[in-house]
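You will see two complexes here that share chain A, one where it goes with chain B and one where it goes with chain C.
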Partner chain A sequence: MIGWKDIPPGMVILEAGSALKVKTGSWRAAYRPKWIEENCIHCLLCWLYCPDNSVKVKNGKREEFDYDYCKGCGICALECPGKKGKKAIVMEEEVK
Partner chain B sequence: MTKIVAVTGNEAVANAFRQIEPDVCAAYPITPQTELMQRFAAFVSNGQVRTEMILVESEHSALSACVGAAAAGGRVATATSSQGLALMWEILFIASGLRLPIVMPVVNRALSAPINIHCDHSDAMGARDSGWIQLWSENAQEAYDNTIQAFRIAEDMNIRLPVMVCYDGFIISHSIERIEYLEDEIVKNFVGEYKPLYPLLDVENPKSYGPLILTDLYHEVRKAHSEVYKRVPKVVLEVAKEFEKISGRKYELFENYRLDDAEIGIVILNSAAGTTKDVIDEYRERGVKVGLLKPRLYRPFPYEEVANALKNLKAVCVLDRADAFGGSFGPLYLDIAASLCNFSQKPILINRIYGLGGRDFMPEHAAEVIEELKDIAQTGKIIKLKEYIGVRE
Partner chain C sequence: MATPINLKELSKQEVRFTAGHRLCAGCAAPIVVKMVLLAACDYPVVVASSTGCLEVSSCISTYTAWKVPWIHNAFENAAATLSGVESMYRALKKRGKIDKDIKFIAICGDGGSYDIGFQSLSGAMERGHDMLYVCYDNGAYMNTGIQRSGATPTFADTTTCPAGVVIPGKPQQRKDLTRIMAAHGLPYVAQASPSHWPDLMKKVRKAIEISGPKFINIFTPCNRGWRSRTDDAIMLSRLAVETCFWPLYEVEEGITRITVKPRDKRPIVEFLKAQGRFKHLFEPGKEKMIEQLQEMIDKNWERLLKEEEMTSPKDEGNE
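What follows is the complex of A and B.
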């Protein structure tokens, strides 16, 4: 932890992308999202809605969650249209 | 060549803005500031300056736009009064916390309720602890001079803080006075080219303004912030010295008027200091050793220097043009009392509230105070510690 003498003027952060250092996944309390691949149509609504870039995408296809940054807010599960009435994201109890 | 003109205080400050030509000016009209921005908007419309003038929907938006423009890397100015300053409240702390060197004339006016458009100091006094540097101005010349110096002070790389330039609504803002304008080129050279610190528009070097800082660091951030203010008086004096070279006018942290050999004294801000100085001259002719201290740099308050100037007096009256309801004393009195409290030798202090909502401060009011101070110096007895003067029973 830095002392007051090392505080930059106006607390402006000069390092780009430093938010990566704060693993907000530790804030996740009761629930975590679970991806069910067979129900996924790769619409990427979860990627669009995720406030923390916790949905990883490669070549236009959805991949596994990045739990280091997922706060467990559940927006992805709510928005997920799924396939034939079956959700591709469900919230399940956090295993500590 | 110095140009001597007869203009209002607002016109003088608008002319300083024209000479300085800020990059961005976001403002909203409010009496008695309106004339300032109306005149500056005319300079913009007439193509005399290239300032980006943003007409917003409220003062909250005005200062928010200024914060954005200053963080983007521009030289930024606005102006306000009274309710407008009150509406800027939360953004005042953001501008100072982010160390953005915005310059804002505050044309002092009373606060509602009851609604009143005339001069008192409640508006700027309410914002005195918001982290803005405050320069107070007795007349239009001082308002013009302080505005020019404010940009240099705000933009000093050791400071980078917003500055308010306070002058009295209507009494100064709308009265026509003799003003000495500096030449445009001299003012431009004095303020110099703007050097941004951490501009957001420097996209090659991305940065974040206004992060969330919680219990683990906020205390340290505030300590670091409070240290910045210790550097302000020195910069204010350096800028004043340079300004004297181009103008011939001398500025300090406060004006010491016939105080050095005085036994009794008055502390008073802005235009009423002019009236009081005239009355002091009359009393001096009669052999009464009375002087005056007029704060200029009110925030950060130069406690030590002020205390040294007052500690040897026998009695001092602090005149406040704002009451601090429930705080017992006027804000200026509290600062003067705090500056003297640890000295063993100090004057007896009294507090008088005058001129609220534009009530005239007349020479007889200053005389009344001097008479009372004479009695206190002689008897050592205070009849009333705090009282309103010029009030109907």
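What follows is the complex of A and C.
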């Protein structure tokens, strides 16, 4: 536990992006998103729209979800255009 | 060279707002922040926020989601705080102690901008500080439990204007902060929505390249306060634009330009029915109220079209 004496004066936080230590994936309740690679056109809209940076992208190509932080909101699934009317993201029951 | 506004290139940039923040699942505020920071990816930026959901949830104890220098002071004074930071920067630059080209951006809620931080915002803009002020407008004081603000839409249900037998949700009209900021005579004022992200990012880009005070108002759905689904932030943003509830336009040196004109203007009822805060409008006998809202929107849209026509630079050949 960090006490008040450990915090720099003025409530300054010296470590940028330290929130990454908080794994908000534990918030997911009923659903988690599933990526169906063969339907993916790599438009990266899911990457852009995800409020929790939980879509990994490498060299302009979409990769797996980051379930450590995904809160299961479902925005990515709703906005995914998919291929030929088939979604590349579906929400499925959460497994804990 | 500026990073092109396409997702392939932007995805190679660092997202300077990390996961691990404690905003609700499906909150649009972090999406808006991400878009603003990505648009500004070619510059070091300093950000200030007023008290509110974004501030409270992005910075808890020793955890911060910000990867840029970020400052929070109080609810009512983000613009004044950032004015001070920007003035210090100018002084240091003059003395040759700093040579980087840094952009200053305030990202604050509607309560912190339309209402309680209004004089701080107005003052900073009038003094001409070189900063971009972004309001993420979710239409209420969400962080403290969905109290009405100057930005709350007419007839929306909030905890301080509860829809019932006495009042039909918020009885008053929304304050049009974007127009109020345009009336300050700023070099750049705009309204944007995350559903139309290239438009949003272009506006942020344009704004940060202009020196002086700039203001952008961004539509930011809040599923908790709007009593809607956690997956509909982008869908509702799109509906807000397509119904002309939230027109996308910019005012540059007094010239108004509508940047996205919906091909088919959709009826406001489509926007309303997806949100629990307007649920009471669908009870029998309330049809008139939806008509009333439609009239308000039509009137405002017509006015904006006229404003665009009136201020558009005349074709020189016709003079």
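Basically, the second predicted complex is superposed on the first by the 95 of 96 C-alpha atoms of A that agree within 3 Å, B and C clash if a C-alpha of one lies under 4 Å from a C-alpha of the other, contacts with A are read in each partner's own complex, and residues count from 1 in each chain.
One rule holds for everything that comes next: contacts are C-beta pairs under 8 Å (C-beta built on N, C-alpha and C of every residue); 3 or more make two chains touch, one makes a residue touch a chain.
Keep in mind it's a predicted model, so treat the numbers as computed, not measured.
Once the complexes are laid over each other on chain A, chain B and chain C cannot both fit and instead clash.
When the two complexes are overlaid on their common chain A, residue A:G10 makes contact with chain B while staying clear of chain C. When the shared chain is aligned, no partner comes close enough to touch A:W35: not chain B, not chain C. Contacts of A:M1 after superposition: chain B is touched, whereas chain C is not reached. Between chain B and chain C, the partner in contact with more residues of chain A is C.
Contacts of A:F65 after superposition: neither chain B nor chain C is touched. Only one of the stretches 4-12, 40-48, 58-66 or 112-120 belonging to chain B overlaps chain C in the superposed arrangement, and that stretch is 58-66. When the two complexes are superposed on chain A, the residues of chain A that touch both chain B and chain C are 2, 7, 13, 16-18. Those residues of chain A lying in contact with chain B across their complex are 1-5, 7, 9-14, 16-18. Here chain B touches chain A in the complex through residues 97-100, 160, 197-198, 205-211, 213, 216-217, 220-221, 223-225, 227-228, going by the rule given at the top.
Residues 2, 6-7, 13, 15-24, 27-28, 43-45, 47-54, 57, 59-60, 66, 68-69, 71-75, 77-79 of chain A are the ones touching chain C in the complex. Remark: chain C residues 7-12, 15, 17-31, 34-35, 58-68, 194, 197, 229-235 touch chain A in the complex.
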